[in-house]
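By written order: A, B, C and D. Residues from 1 in each chain.
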Amino acid sequence: MIIVLRKGATQKDLQGVVEEIERAGLKAHISKGTERTLIGAVGDERVLSAEHLQTLPGVEKVLPILKPFKLASKEFHPEPTIVEVNGVKIGGNKLTIIAGPCAIENEDLLMRSAKYVKDAGADVFRGSAYKPRTSPYDFQGLGEPGLKLLKKVREKFGMPVETEVMDTRHVELVAKYVDIVRVGARNMQNFELLKEVGKIDKPVILKNGLSSTIKEFLMAAEYIMSEGNHNVILCYRGIRTFETDTRFTLDLGAIPVLKANTHLPVLVDPSHAMGKKDFVPAMSKAAIAAGADGLLIEVHCDPSQAKCDAAQQIVGAEFGKLMGDLRKVAEAVGRKI
Amino acid sequence: MIIVLRKGATQKDLQGVVEEIERAGLKAHISKGTERTLIGAVGDERVLSAEHLQTLPGVEKVLPILKPFKLASKEFHPEPTIVEVNGVKIGGNKLTIIAGPCAIENEDLLMRSAKYVKDAGADVFRGSAYKPRTSPYDFQGLGEPGLKLLKKVREKFGMPVETEVMDTRHVELVAKYVDIVRVGARNMQNFELLKEVGKIDKPVILKNGLSSTIKEFLMAAEYIMSEGNHNVILCYRGIRTFETDTRFTLDLGAIPVLKANTHLPVLVDPSHAMGKKDFVPAMSKAAIAAGADGLLIEVHCDPSQAKCDAAQQIVGAEFGKLMGDLRKVAEAVGRKI
Amino acid sequence: MIIVLRKGATQKDLQGVVEEIERAGLKAHISKGTERTLIGAVGDERVLSAEHLQTLPGVEKVLPILKPFKLASKEFHPEPTIVEVNGVKIGGNKLTIIAGPCAIENEDLLMRSAKYVKDAGADVFRGSAYKPRTSPYDFQGLGEPGLKLLKKVREKFGMPVETEVMDTRHVELVAKYVDIVRVGARNMQNFELLKEVGKIDKPVILKNGLSSTIKEFLMAAEYIMSEGNHNVILCYRGIRTFETDTRFTLDLGAIPVLKANTHLPVLVDPSHAMGKKDFVPAMSKAAIAAGADGLLIEVHCDPSQAKCDAAQQIVGAEFGKLMGDLRKVAEAVGRKI
Amino acid sequence: MIIVLRKGATQKDLQGVVEEIERAGLKAHISKGTERTLIGAVGDERVLSAEHLQTLPGVEKVLPILKPFKLASKEFHPEPTIVEVNGVKIGGNKLTIIAGPCAIENEDLLMRSAKYVKDAGADVFRGSAYKPRTSPYDFQGLGEPGLKLLKKVREKFGMPVETEVMDTRHVELVAKYVDIVRVGARNMQNFELLKEVGKIDKPVILKNGLSSTIKEFLMAAEYIMSEGNHNVILCYRGIRTFETDTRFTLDLGAIPVLKANTHLPVLVDPSHAMGKKDFVPAMSKAAIAAGADGLLIEVHCDPSQAKCDAAQQIVGAEFGKLMGDLRKVAEAVGRKI
């Protein structure tokens, strides 16, 4: 960490900063320039609080040198993490396709959707029993009965299943029924929830928040990992910007940046980002070409009967064709589906 | 709601949309233009799902006419809501100043901060016992012992106290100790938490999410209100943008827009938005001039001992002067402190 | 265009709006709902000003139905436009790769860069003689001598060349030396410049502005086309958001949206968006997979000697390998390089 | 400037960076930490290119210490600049109110608007003869005849007049007719235009770009100043964000940040930011309370006849009342109107 003193800072100001650094067990390295005096804190700077140093008299700014995340960083763990769940490996050369309806509406629709997903060759089945909805008047999900239906899908089709958890009180229950637990974008900084899923022994899919930086996304993964659960799978679903022609903004530039910073697997969710199914195939291909380790795609046997996000779900009957197209792109970048 | 059909939509497409509208108990009003056919849904459109209509064959786009929030809207409740808590009225002509440290560190610091806050004439004391921190390695708050200290402040200084709640499991406990419960920006769309604070009989301060629109902010208030708790106090704390010279972006333009749309009281939190205490006085004055009903300001007896957000907390000894300055601006816009 | 009246609007308000619509030669279609009265303007709504209607008494909001751009729209011109320049076809099944250094520094560096570009099989050579720089103290480009060097590249390597124009006074001069004229992101709404390049007989590459919506981007193309020059090539180079780990944010989701709205060719510039060359290959592949018609990539024979944007330029010697990788992705999506 | 080397950088990498620093005439100061090696460049770092250093082998990142602007900085020029134009002082204790219609439509409307502006006690009259419009089909302004009308206003009402310039070719002409020349948001990084207005002897109002940071805004001012014209008046008009309930986002938090960084006067334009006249009074008061040196407000004698931005212009007859309200707020913060 570098502490920059204001022009005109006194010797006493300098001394105050040095003392704080030494109190934390680090060494202070002073460098007097023609314009500013800088103080370097030598050692693992994560024990220092930039916020606190900022308040000391004479301090102009504090520049961190190291990244704030550790367990999630590639520097700490250079080899890619491969998360294994019931025989499916997430994070390796073979891409992982997770597909299924946005929400679980009833057994019939769910089973029909699952058949399309299985037949097309996807790896994991998704479906939400608890739904974060902008309006309290919209369908909020089936709750536990929905989880039971997911379990039926797993048994009938032999696919791992995943679902969202939104409440610390539901974590244990949800983890009982499904193979992978998902934390949605709106809960990326619901730190109590992160800690709670950090204590279970099921893998966690973590989506980025709509206005979170890549650093904050990795810090949220660090929260889960710091509780002991290292099976974190990142899922990028875009951010909010001024553009309104798509539901959110799918900035695939985040993919190579994530891959350069972390060993965790990185999936992409093109459905929620784009909000319109016509745009999902192009962005699915692009995500794979950008280096994603897989996709989370919404597929519904009959979107006109969907109770949420109907516009963005791929029609079951068209999913097989999309999978074929994705296979070609995967091969073009040296991977498999 | 207006449904716009694509150029080339068929008579059957048109018929399909009309049937959906009528099935929901509304009337369909068809208007054939030279370029497009429009279908108006006549009645309370909130029973229709724009998402669902969007998926019907031939539909180009769906334009809502009414605002999606109802209980929170000025149209539904034209008179301003005044929330009363232990004699303090929030939302009337007299502004409400809520002040106190970011986090509760220990009894000594808390009491010293509270004395400054009380002496300067603030109305409510704030302090967090549970802290949402970006890093799992940062101070996470004292928890229940912190709540007990808050209760002591209330008893000693005769001021209502408020604090943040971050977990559905803590709502009951927190509500037992404090007069006002706060939901922070990162939890604005933690819908389970919103529902839970909607069931208690204490007022709730709701902060806007960092990437939430004003409509979504009011929809979050609607969540709380729809559970029965109508004592919601909005607190605007800025949004995230590309600007990095301030911690977040304090777009005070949101204040008159909120006041035009809702009857709920609107406070402003300049401390978290700006992130540097030197900028807090200017923005406190500006918030009042923009029409806010009060402020939530961080004040600490000794910020150099603060365990979080040290840089943005006003020094206790300087708070009295700021209150004096704010009084003048309040009077200039016909209000009181 | 739909005009929504406020609750409580009078018969006179209604009449006022109807008169305005009829004065513009359109028909007014009134629809009285239970909550609001709506007035539809039937005919080509582009003759009406939404801004003006908004100011009429009793008007709550104005909803446009049609898109504001016409010449650039797919509806107006359903077939894709193919821009031909010296035998290179931009916009067809074969992708167009435009490559070269950010700025033109001197003849030696330029010729060496051009050789790498030509040998790797790119279609067009790029290089800027005029540079938009954030600081007035940075290298501003060679000006006309740079244009002359570009002409030499064209003659020696038999490739079309393109360069940026930043000033209405330079348009004629620039068009004399190069085959394609480029308008940069910072000038996307420099309307005088758009009009000026709309009058020349050379194709124009138009980059999107950093905070421009897709609609505004197409309106800027419309400016050029409305002056008579229909050979507009769009180039998407990302937008500005809160993320700071990349120079700008490359939201490839814009590509399928652009392709759905316009017949104009769409290129992607991954170099300026990402700002670091290590991320350029991934995003080049992703852009092609997303459906772009080609790329604008910065390639420099020796980036350590570059006078601007050194960090984002692909090293000449590595460009051939990248072209090979791109070819595979192009084939996977049914296209060629 | 601090250059951070990658973990594992070699002695040769280190040497390469040191040589570059010394070649630029600065001293290199090496600091080997436990995690990273840092190299400080001692001296006026503005002669070094961060971009270039970034490309050297072994470099992880480059951290600038000094601000990139100089002439515009408070450090360079601690006293506030007061721009004087025909007896009006901009930047001192007395606030400057500039008002007038968005566009100049004809003599009758302009004179009627000017009378309202003069009678209400504003200091400068504004009106645009050249209009940047999103659509080529919208009214583009009167051009030189409009400038002549502005001159008539100056003669008849004895007020300085200001107008926008959009094209380098018009700078001389515009400067001939008006007292202050304005560069609009869309041209904030039209560097050729900045250089051109840097050569005239009339003050320049510079508006911030819609996606420009505060640093970039000050760098644009630096462009003008570096050509010799130090009479730059900044005008903050908000930025673009995801919020759609206002035309742009008026983040008044920028005002105290600007005032802390520069000696130049800072005005606020609430009209273009909010886009609706009902919100302009609140934001005008807030801007003054936040510390702005004045306002640029749109006032039209009859907005229903306005040819652009009709919705955001204050009605002439209501402007006097607003001025009275602003006076009270100005006094509350120790200033005058």
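As a convention for this text, contacts are C-beta pairs under 8 Å (C-beta built on N, C-alpha and C of every residue); 3 or more make two chains touch, one makes a residue touch a chain.
Because the structure is a prediction, the values reported are computed rather than measured.
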Q | Of all other chains, the one whose Cα centre sits farthest from subunit A | A | D
Q: Name the chain pair with more contacting C-beta pairs, choosing from A-B and B-D.
A: B-D
Q | Euclidean distance of C-alpha centroids - subunit B vs subunit D, Å | A | 31
**Q.** subunit B and subunit C: spacing of chain centres that average the CA atoms, whole Å
**A.** 39
Q.
Taking the mean of the CA coordinates per chain, how far is subunit A from subunit B in Å?
A. 26
Q: Could you list the positions in subunit C whose residues touch two or more of the other chains?
A: 211, 239-242, 244
Q. Considering the complex alone, what residue numbers of subunit B touch subunit D?
A. 211, 213-215, 238-239, 241-246, 249-257, 260, 273-274, 278-279, 282-283, 285-291, 325, 328-329, 331-333
**Q.** Residue numbers on subunit D that touch subunit C, as the complex places them
**A.** 46, 49, 51-52, 54-56, 68, 132-138, 140, 166-169, 186-187, 189-192, 195, 209-211, 216, 219, 222-223, 226-227, 239-240, 303-304, 306, 308-311
(Q) Show me the residue ranges of subunit B that touch subunit C in the complex, using the header's touch definition. (A) 2, 4, 7, 29, 31, 33-36, 38, 40, 42-45, 63, 65-66, 75, 240-242, 244
